[in-house]
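Alright, structures below, take your time with them.
Below, chain A partners chain B and then partners chain C, in two separate complexes.
For the complex of A and B:
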């Protein structure tokens, strides 16, 4: 049953129920709701991608905006200049991201840059690349890259031009795929190796696990997944600015949901994305009612702090326990 | 491009670098003793800059004179934060600590945005328009004042850690927290004082930086990152290292800004960081772990 679907498995049933509900959602949801759900799913997908590296293998990256940006710019620029379909562009983006990830991983792990230092190394590369793109004319430099918005009459999934509900199904499929892929990884030997490295690298090394190679695989998989999310962002937003796509704020936003939801768990990134988006939207509405603009972000920070103090392991492990799913759903 | 231009740019970078160094000192002290990475460092500096701004515009107190008050205020802020909040998170993993400080940073930045709005503010002193000329060099008066004050504060800090009982006790905590507890030191209290000292440093640096740059709430993350670059360049936990790192970053910013393009200056700083992390991860003056 490893990696396969088992219908008596509680987590599988939960997942299938959720999936059916989500597939029907666009039929009922309005434009506003649909855009919120796309935001949630996108954050869940990116969180999952980061989770592979941090949650499974314990390597702290604070520069994942780098891979988002590379994926977005590779597919976006190829589309603008040569009309390359986004899915092919995404492959190119993944290639570039994997190259960067390999470089960062190889340098960092070989030179024993660990923990916070490794996180800072990832920030440094992301910021370095941001400034580089700010000055690179072919991709529009700091004035941005714009994807032509036309042909809106029908949904073209190959060229990713179309309605919001098409984008919704695309990102839903990506989340579902990301989930199954993460689950497969976690249940295979590689997942157990990663967890051993995460818990105690020296002990894992002593057991004969090839720590360097496994950490590299985690970084590479995580980067490739993230850059696919970048492609989605490029075609969904239709505009790209180095300032925002590579920003440290994006790197932070990307990991918040997973940490709040529960690092190293499969449902954590999804739950965290739902909770944070609901919190953000709820506070926006509340802020409008009260009439104080800035209060939203302050309350957001305070809620984050409260969750950290009350549930430092994340919300999913706690919820899983409350739902009586312990031992079933990871 | 003649030699005097080059020398002027270099000396300006050097002087600004000392102020950067003072800011990074705070970060270095906090990390060196408690292993806490203060991701709200830049935000605390923005608080200090606004405090100095208010002191000048409302009370007419110049930033250098306001420095002891602002630094004292930030000491209290840091002390309380450590005592009641961060202390609970000392044993936990890095990413949880990071998120905690990030949530503090989010709260501070947005509180500043609410109170002061997004616009950049600056102050005009009489000294802003004066300069010293030393041989071929022309030095801005405010930059010289800021740099020398920063150096003075750093020297005071060094003396504190070297010669006072509390300073020695804090160094003991940094070396071996369990040992420090065994010999009867109040580690929680000392940690809170340390965090206070760290934030006081950034408070002092904020006052001085207000003499050189405009302040707006979104400066915070840039300065947090800048602080990290500096302490890693110089070596975490090393006082001299933080100043050296500050000067290096000040120089690299000034030179790349003047010779290539101002918008590229942060790229050179990050480039320096990458180089140091790979070639000498413990920093230029840091000891091997």
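For the complex of A and C:
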């Protein structure tokens, strides 16, 4: 059944099994493994957030580090200066991100800035915001903002101070929530309208769809989701530098998993994050064994190219077909 | 006396120096099937785009059901009850055939997905695409894509349907089927249709009224029999020496 959980549905059972496995993981995994799993889940969450805009509605953003940074700095700075709990700070971060997203969307969509040119606009916003934060003393400017690390005796989920396994469960919940939210969007009218716009804007317009409004909604939802991920990064890392949080590098890293996993699919961002991290870690170990510097980067690039050439639609559509789940979960 | 379904009043469009449509005036009565014909480059599709709101007219007015809809934009005009197809088909290639039609149907029933799916199935069956409902739209042949265009436009439940060369590329038998389908829709639900068509077989069978454009201007109108014997029409189609 559309929109509801049907436990006899094979893909739903598969997902539940996976979720239970992930929930038990901290009991078995060591510190190193746990930190890698947090990285994977964070990458999956951010990829999902970007996927709403690019995968569902077809609007290309190459500046999503902007929303990561805004979410991170809003919640981080409010916590440092006023002791505001991160979840409230995240709401502020979402507000600021939504304001920026509305500005970018309104400019781009009103003046018909499309495709790569729209992506350039998103980069421009991310870059000048980085420069702004680099010179803003209240948030530490270029020397960074540091969150006080103390009170590790117990896990405080409201203030997000505590052990790695607490952070693991928080990001796991965010991924699960993001997945269910994305699925609900995709299966409702709004999801159909977004996909129609993605496939052919003119035809969507001729069917009475308010293209401008729907693109704005996609950009806004995507920005808000991404900035929540930014809050997580702030409290997990405890330090923020404009140079890294708003970087072009982060914007690209953020979308790679979804591209590898399958743009526009629900499971693609998760699969892509797993594959990319496994690849990265595996090649690091391999590189150390072989002992040639830089071999990791070359091999990483080669693997990515191979995946994109062989499976241009991403790994998930192919794997889904292999698992016989076609017609089930997207 | 009620207003005609569509009233095109002194409509004109210039693309820089080129006058594509000039002072075109005609009406489409409620429940009629009207054909817009003319040689290549006569301005038929441009006229269509002006009516559907895809292009803003340079001058003149478009009245739908007595209301001025000039320059309203395509989406707004669709919401007023005008469905259109594209001469160069524009399927949502990555979606299934059924999902394509659902996008149109979701305007109704409060956007309920399952109701839209059921409505789409009916329309697809009507257009003989029912067995291809779950196929990706990009796998369809051109004649099927033309049918899909019609299905998608119908799903928005228009009171006026604009069809831009939906018979092109269809075999005579398929063409007759399409004619029968459109006649059925017209008779049963009173759907008003304005179509651009080159296939005269379809024009003759379908139309109550024919408007002929040439070089952006209306040169004749009347019943199919009247226009096909009109000297100006013969001249522009066949050349002067035949008249």
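Just so we're on the same page, the second predicted complex is superposed on the first by the 329 of 330 C-alpha atoms of A that agree within 3 Å, B and C clash if a C-alpha of one lies under 4 Å from a C-alpha of the other, contacts with A are read in each partner's own complex, and residues count from 1 in each chain.
The rule is simple: a contact is a pair of C-beta atoms (placed from the backbone, for glycine too) under 8 Å apart; a residue touches a chain by one contact, two chains touch by 3 or more.
Source: prediction; values computed, not measured.
Q: Answer with first, second, both or neither: which of chain B and chain C does A:138 touch in the superposed model?
A: It touches nothing on chain B or chain C.
Q: Just checking: does A:210 make contact with chain B only, chain C only, both, or neither of them? Give me first, second, both or neither.
A: Second partner only.
Q: After the superposition on A, what does A:195 contact: first (chain B), second (chain C), both or neither?
A: second
Q: Which holds for A:124: it touches chain B only (first), chain C only (second), both, or neither?
A: first
Q: Report the partner of chain A that touches more of its residues: chain B or chain C.
A: B
Q: Which holds for A:187: it touches chain B only (first), chain C only (second), both, or neither?
A: Second partner only, chain C.
Q: For a test of understanding, state which residues of chain B touch chain A in their complex under the given definition.
A: Chain B reaches chain A through residues 37, 85, 88-89, 92, 94-96, 98-100, 102-107, 109-111, 113-114, 221, 225, 228-229, 232, 261, 263-264, 266-267, 270-271, 273-274, 277-278, 281.
Q: Of all residues in chain A, which touch chain C in the complex?
A: Listed in rising order, the residues are 2-3, 187-189, 192-193, 195-196, 198-200, 202-211, 264, 327.
Q: Under the stated contact criterion, what part of chain A meets chain B in this complex?
A: Where chain A meets chain B, its residues are 54, 60, 62, 107-108, 111-113, 115-117, 119-121, 123-125, 127-128, 131-132, 134-135, 142, 248-249, 252, 255-256, 259, 263, 292-295, 297-298, 300-302, 304-305, 308-309, 312.
Q: Could you pull out which chain C residues touch chain A in their complex?
A: 52, 54, 73-76, 78-79, 84, 86, 90-95, 99, 102-104, 106-107, 111, 113-114, 116, 134, 152-153, 155-156
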